[in-house]
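Structures follow.
Two complexes are shown next, each including chain A; its partner changes from chain B in the first to chain C in the second.
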Partner chain A sequence: MTTLQMLLPELILLIAAGVVLTLDLVTNRQINDRWLMGLSAAGFLAAAVAAYAQRGITAPLLGTQAIDGFATFLKVLVLLGMVLVVLSAAEYIRGYGRNQGEFYTLLLTAGLAISVAVSANDLLMVYLSMEFLSINSYILAAYLRGDRLSIEAGVKYFVYGAVASGVMLYGISLIYGLTGSTNLVSVAEVISRQPTGPSMQWLGIASVVLLMVGFGFKASLVPFAQWVPDTYQGSPTPITAFLSTASKAAGFALLVRVMLVGLIQFSGGWLTILAGLSMITMTLGNLVALKQTDVKRLLAYSSIAQAGYMLIGLVAVPQSRLVVLPFGSLTFNGINGVLVYIFGYLFTNLGAFAVVIAIENATRSTALKDYAGLGRRAPALALLLTLFLLSLAGIPPTLGFWAKYYVFAAAVQINFLALLIVAIVNSVVGAAYYLNIIRYMYLMPAETEEPIKASPALNVALAVTGVMVLIAGLVPGFIIDWANRSVDFVTRL
Partner chain B sequence: MDSWILTLITFIPLVAAVIVLFMKKEQEDLIKRFSLLVSLVPLALSIWLAVDYYQRYLATGVGGMAYELKVPWIPQLNSSYHVGADGLSVPLIFLTTLLSTLSFYYSGRTIKRRVKDFFFLFLLLETGMLGVFVALDFVLFYVFWEIGLVPMYFLIGIWGQPKDRPLYSAIKFFLYTLVGSVAMLLAILAIYFQVGSFDILEAARQQPFANNLTIASLAFWAFMLAFMIKVPSFPFHTWLPDAHTAAPTAGSVILAGVLLKLGAYGILRIVLPIFPTAFQAWAMVIVALGVIGIVYGAFVCVAQTDLKRLIAYSSVSHMGYVMLGIGAAAAGLANVGRYGDSMAMAINGATLQMFNHGIITGGLFFLVGVIYERAHTRDLDKFGGLSAKTPYFYAIMMVTAFASLGLPGLAGFWAEFFTFRGAFDIVTVWAAIGVIGVVMTAAYILWRIIQSVFLGEYDPHKIDHWTDLTDYSEKHEPTDMLAFEKVTMWPLVAFMVFLGLYPVPLLAFFNTAAVEIIQRL
Partner chain C sequence: MVPLSWYLVLAAALFSLGLYGALSRRNAIAVLMGVELILNAVNINLVAFNRFIVPAAVNGQIFALFVLAVAAAEAAVGLALIIAIYRTRNTVNLEDADLMKG
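And then the complex of A and B:
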């Protein structure tokens, strides 16, 4: 496979972004918004297909990237997620009128950034892709220029992001100083060759902590997630959906690869830190979510909590390689747990946001009280949101159950009891506020009986996510298979 | 047929639920009739199942797991769609389909609000319950275990009486059960890492952690937390009075009749066979909690002023016998040669109690529904002297209530008899304390229910509006049970009398199961 072929997904996105931008400039504004939306969705879909064609291939790319199962899995997943974001955004953005071309172009370039990020194999590429993604995201968060909340969302995101990336860059420079390289593979080699004296350990841990600030910011881990509630609430809702799924997945991908490929020698240090972060993240996210009265803000806190569960998988990786089971092979190495979790969470959360967008399009509100009586006003939407919320809570037979199942299994395998107990308590707390939305939809009387209908594009997004969450929840075999095959770089460690 | 019958029984209600989902919500009569008629199919199949199992296995003295079907479901996890039934589950499957059909029939007349939603959820619930009784794979078991949660949450929340705090009770029910479920999930995973598959029978064969009491105890308690919350055993019972009181009549019937049995069933199917060593180590704790439940529940009943809440607490007391029986059997493991017979007796008592409590308390909740639909109150102080006004209701209530207190000749007696017969031999002191509960049961049944509702003078000033269910008009006097209410109660009363006089057929089922469990330990 030539370099060009390996870059095909990124090239498709780049071309699509160019075409969308040009079309927006040269064509009549009244007729082109559907075309822009269609083109962007088609671009993402084509890129996803191109990425899927790379499955099974493991190869270095331009010295700074790696095409492997892990990158391909996440690329396909995120690009499909972007298709759903575009479909959900169409009507919402049309409602705000102008600059649709820029909106879709920025989404496409953000997708490009993520696509590069998930396969970044060099610390400089890690940094560049994350900055590229961030700058796109800042603009998208502040896209509603007339809306003060949206401006606040963008500015807050920018300020936190600038600090986080600065701190991360410092961490990268420390690692460069230690090892003389930024390539993750050679970094790992140099570290393993050198005697691990106290200064090495000390600097290693320091750089891990500094890097974690950057990744924690993108993956919304407490305490680096203060920007999340305001940014999620103020951003255009489709962008909130994007930030909480695709963008977060990119953060996780970078965290996983850098820690496991580059800094595995320091795992004794980052293991403890990440386990602690996991506990704080889920606990804080869930507890604060209990009190929310706005669905968008509630889902923001919920997405913080979900990041905490996801971390359990990563925490389990180093020790899971040492576990010897009384039978057969290793099925829970933690990383397949992270992948299954991201898969389940991405489709579930995008589905939930699609419903939120449909309701916001009709009522101009995301307040929880306006969800009262939704079971009567929009039976299909309410049923779907119930499904998505149960999936977020991890109730079988939904996709979200398998996500939790896989990361919990990885922690059970290494007997991490403290983390598991925190996770159990959090699952129950989480169920409480997810059920609270369901309670509003079905058990509270509506103020009006006016029915709510979703646009055709949204209906497609809802159908895809609904089918995925339920059908893949009943027969999750293919996802598990795919995730198992996508963790080759861990088994090579 | 043999390998597919359990699948049919389990999934016919689910298919019906999906069909109901696509019906128009205005077609209330159609939905009601359709649900009732469809529910007759699993009922008929489960009767066939019981007769067939009796003839082919019990009559020939074989017993054991039958009607098994095992197809790969998630091969990546070594988890399969594995179902089967034995002497323990066959009667419980029948109990579930019977109570479900009666609930559909009764609700067809009494549910007026959001009919489509009600029957959709109820059908979904039936599949969830039946699935738990047939599942022989942990993942499958867990999925069915959780499926029942959501419909029950809605049944309590939507159709509960506003003054009973249905929203609070529903979420309490849900979260309590979820705590246990998640703990159970972790224990299931722990077993998987030892056994290498999710097969329940395989796990029972291998008995993981048999030589590591610490981990075995952790897993044991994780499962017990889930099951004891569901049973519910003291001190995890506090969700029950709220949920049972708030639920609509059919919901309470299913809660008391079937859902509580899921917990006891889980203990007998999973915990006792898989963790006998840990169970034996903790047996006295389980026995103690069972006895505390019996006595405490009975005392609390005496203090109730709300008829439905009283019956709800009586479940805490009655399910205590189940825990006592199972706990005593586990304690007997210390010396199987000496206690073998008593252990079988104790398990027989516990399982008989599961079935009989389903029939009897299910009936009691229907009867509470009968009076509540008329009086719109359940306050015991408001009643009195109804025996003269509603003689039919009085007669049915007498039979059911006496069955509940364990009068010889009615079904409840045998369960208590076997439980105590088994427990006295193994845990004498605790069994003796448990007898206090039997006395107190007589007190609350006779004094609180029979005396304060039916005896004495009828005082027309206490409740001046009685609804006449024939045309929903207001009357000044209570009217007796209508045909649909009688029909609902007849099968239950018939079972109470028949199983009281001749418990042998039912015992035959449970005894093979009990003997088999003990032999395998």
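And then the complex of A and C:
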């Protein structure tokens, strides 16, 4: 395949962004926003198909990017997720009237940034893609310019993001000094030649900690997630859906690749740090979520907790590699756990947010008390939200169950029982607040009996996520096979 | 010639000052200035490492140029956001940005 063919998903996104922006400009903003929405959704879908066509290919690209199973899996997943974000955003954004061209353009460029991030194989690319994604996200979070909450969300996101990326960059500069290279593969080679020297050990751990600040910020790991509740609550809801799924997946992809490809020699150091972060993240996220009274804010804390579970998969990798079997044939090798988890979480959370958007479009509220009696006001929406919440809680036969199964089993396999126990206790605590929303919907009396209807585009998003979560939960073979085949970059180490 | 360690100490000092400024200041503009200090520390590190560790290649210097360009883009968006928050509530003090709590 030529370089251009391998860059096809990114090129499609770039062209789509250009077309959407130009159309908006030349029609003097008079174009029907359904065209803009349709074009963006089509662009994301085409890019996802182009990325899917690259499955099975493993090749370096321009020295700074890597096309491999891991990147392709996440690219397809995130781009499909972006289609759903666009579909659920349409009516919401139309309600605010102006500047829709920019909105869709920024979503497309944010998708482009993620697409570059998941295959970034050079620290320069890691930094550029993350910053590209961040700058797009700051604007999107503050998109409702007259809305005080939205501006506050954007400013908080920016302040934390700017500091986190600066700190991460200092870590990158230390790694560059340590190894004389920014390419992850050569970084690993230089480190493995002399892994125990004093400068390697000290600077290695220092740079790992500094890098973790940046990745922890994007992947919303405690203690770098103070921005999450406020930004998630204040942002336009479709953007909250985007930040909690696609953007978080990008953070995880960067974390996984940098730690496993570049810094695997320091795994003794980062393993402990990440295991600790995982425990704190899920515990804090779940405990604070328990007392939330706003569904958007509750889902923000829930998404912090979910990041903690996801991290278990990465923690399991270094020890799973010591098993004598070929790594790729291990049933629970950690990486497939991370991939299945991101898959399950992405569709489930997008579905949950699609329901929240549908309700917000009708009632202009995200307060938990306004979900009372939803079982009668909007039976289909309530049923879907129930499904998504059960999936977030990890209850079979949903997709969320398989996600949790695969990361928890990875922890069992390496005998990390402390982490496993914390995770299981947390799942039980998590189920409490997920079930509380269901209780509100079915057992509490409604203030009005007025029915709630969702727009056609939103219905498509709801149908896709609902089918995914339920059907893929009943027959998960395809997804698990695909995830198993996508661990190639770790087996090559 | 000035040894590498001097550059690294200068960068570390700048980084610490910048981080302290960014974390302790209430004013959003001052936070942004702290971030710029951090980025300058990074640039000193990158260029010094390039000169002393791998003088044959220019990766570090190119990286520093990228950092400068991205910092400019980030500052542009950041200042726009700060102007937007000033318009809605006549202050750039981050402690006053407290509509959401819990």
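Note that in this section the second predicted complex is superposed on the first by the 481 of 493 C-alpha atoms of A that agree within 3 Å, B and C clash if a C-alpha of one lies under 4 Å from a C-alpha of the other, contacts with A are read in each partner's own complex, and residues count from 1 in each chain.
One rule holds in what follows: a residue touches a chain if its C-beta (ideal position, glycine included) is under 8 Å from a C-beta of that chain, and two chains touch if they have at least 3 such contacts.
From a predicted model like this one, the values you see are computed outputs, not experimental measurements.
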{"item": "Chain C versus chain B on the shared chain A, clash or fit after superposition", "value": "fit"}
{"item": "Chain B versus chain C as contact partner of A:Ala409, first or second or both or neither", "value": "first"}
{"item": "Touched partner set for A:Pro229, first chain B, second chain C, both or neither", "value": "second"}
{"item": "Following superposition on chain A: angle at chain A, chain B versus chain C, Cα, nearest 10°", "value": "140"}
{"item": "Partner chain in contact with A:Ala432 - chain B first, chain C second, else both or neither", "value": "first"}
{"item": "First, second, both or neither for A:Met1, with chain B first and chain C second", "value": "neither"}
{"item": "Contact breadth on chain A, by residue count: chain C or chain B", "value": "C"}
{"item": "CA minimum distance (chain B, chain C), superposed complexes, angstrom", "value": "24"}
{"item": "Interface residues of chain A shared between complexes with chain B and chain C", "value": "none"}
{"item": "Chain C - residues contacting chain A, complex", "value": "8, 11, 15, 18-19, 22-23, 28, 31-32, 34-35, 38-39, 41-42, 45-46, 48-49, 53-54, 57, 59-60, 62-63, 66-67, 70, 73-74, 77-78, 81-82, 84-85, 88-89, 94, 97, 99-100, 102"}
{"item": "Interface residues, chain A side, partner chain C - complex", "value": "124, 127-128, 131, 134-135, 138-139, 142, 145-146, 148-149, 151-156, 158-159, 162-163, 165-167, 169-170, 172-174, 176-177, 180-182, 229-230, 233-234, 291-294, 297"}
{"item": "Contact set on chain B toward chain A in their complex", "value": "73-77, 117, 142-143, 146-147, 149-150, 153-154, 157-158, 166-167, 171, 174-175, 178-179, 182-183, 185-186, 189-190, 192-196"}
{"item": "Interfacial residue positions of chain A with respect to chain B in the complex", "value": "325-328, 331, 375, 390, 395-397, 401, 405, 408-409, 412-413, 420, 424, 427-428, 431-432, 435, 439, 442-443, 475-477, 480-481, 484"}
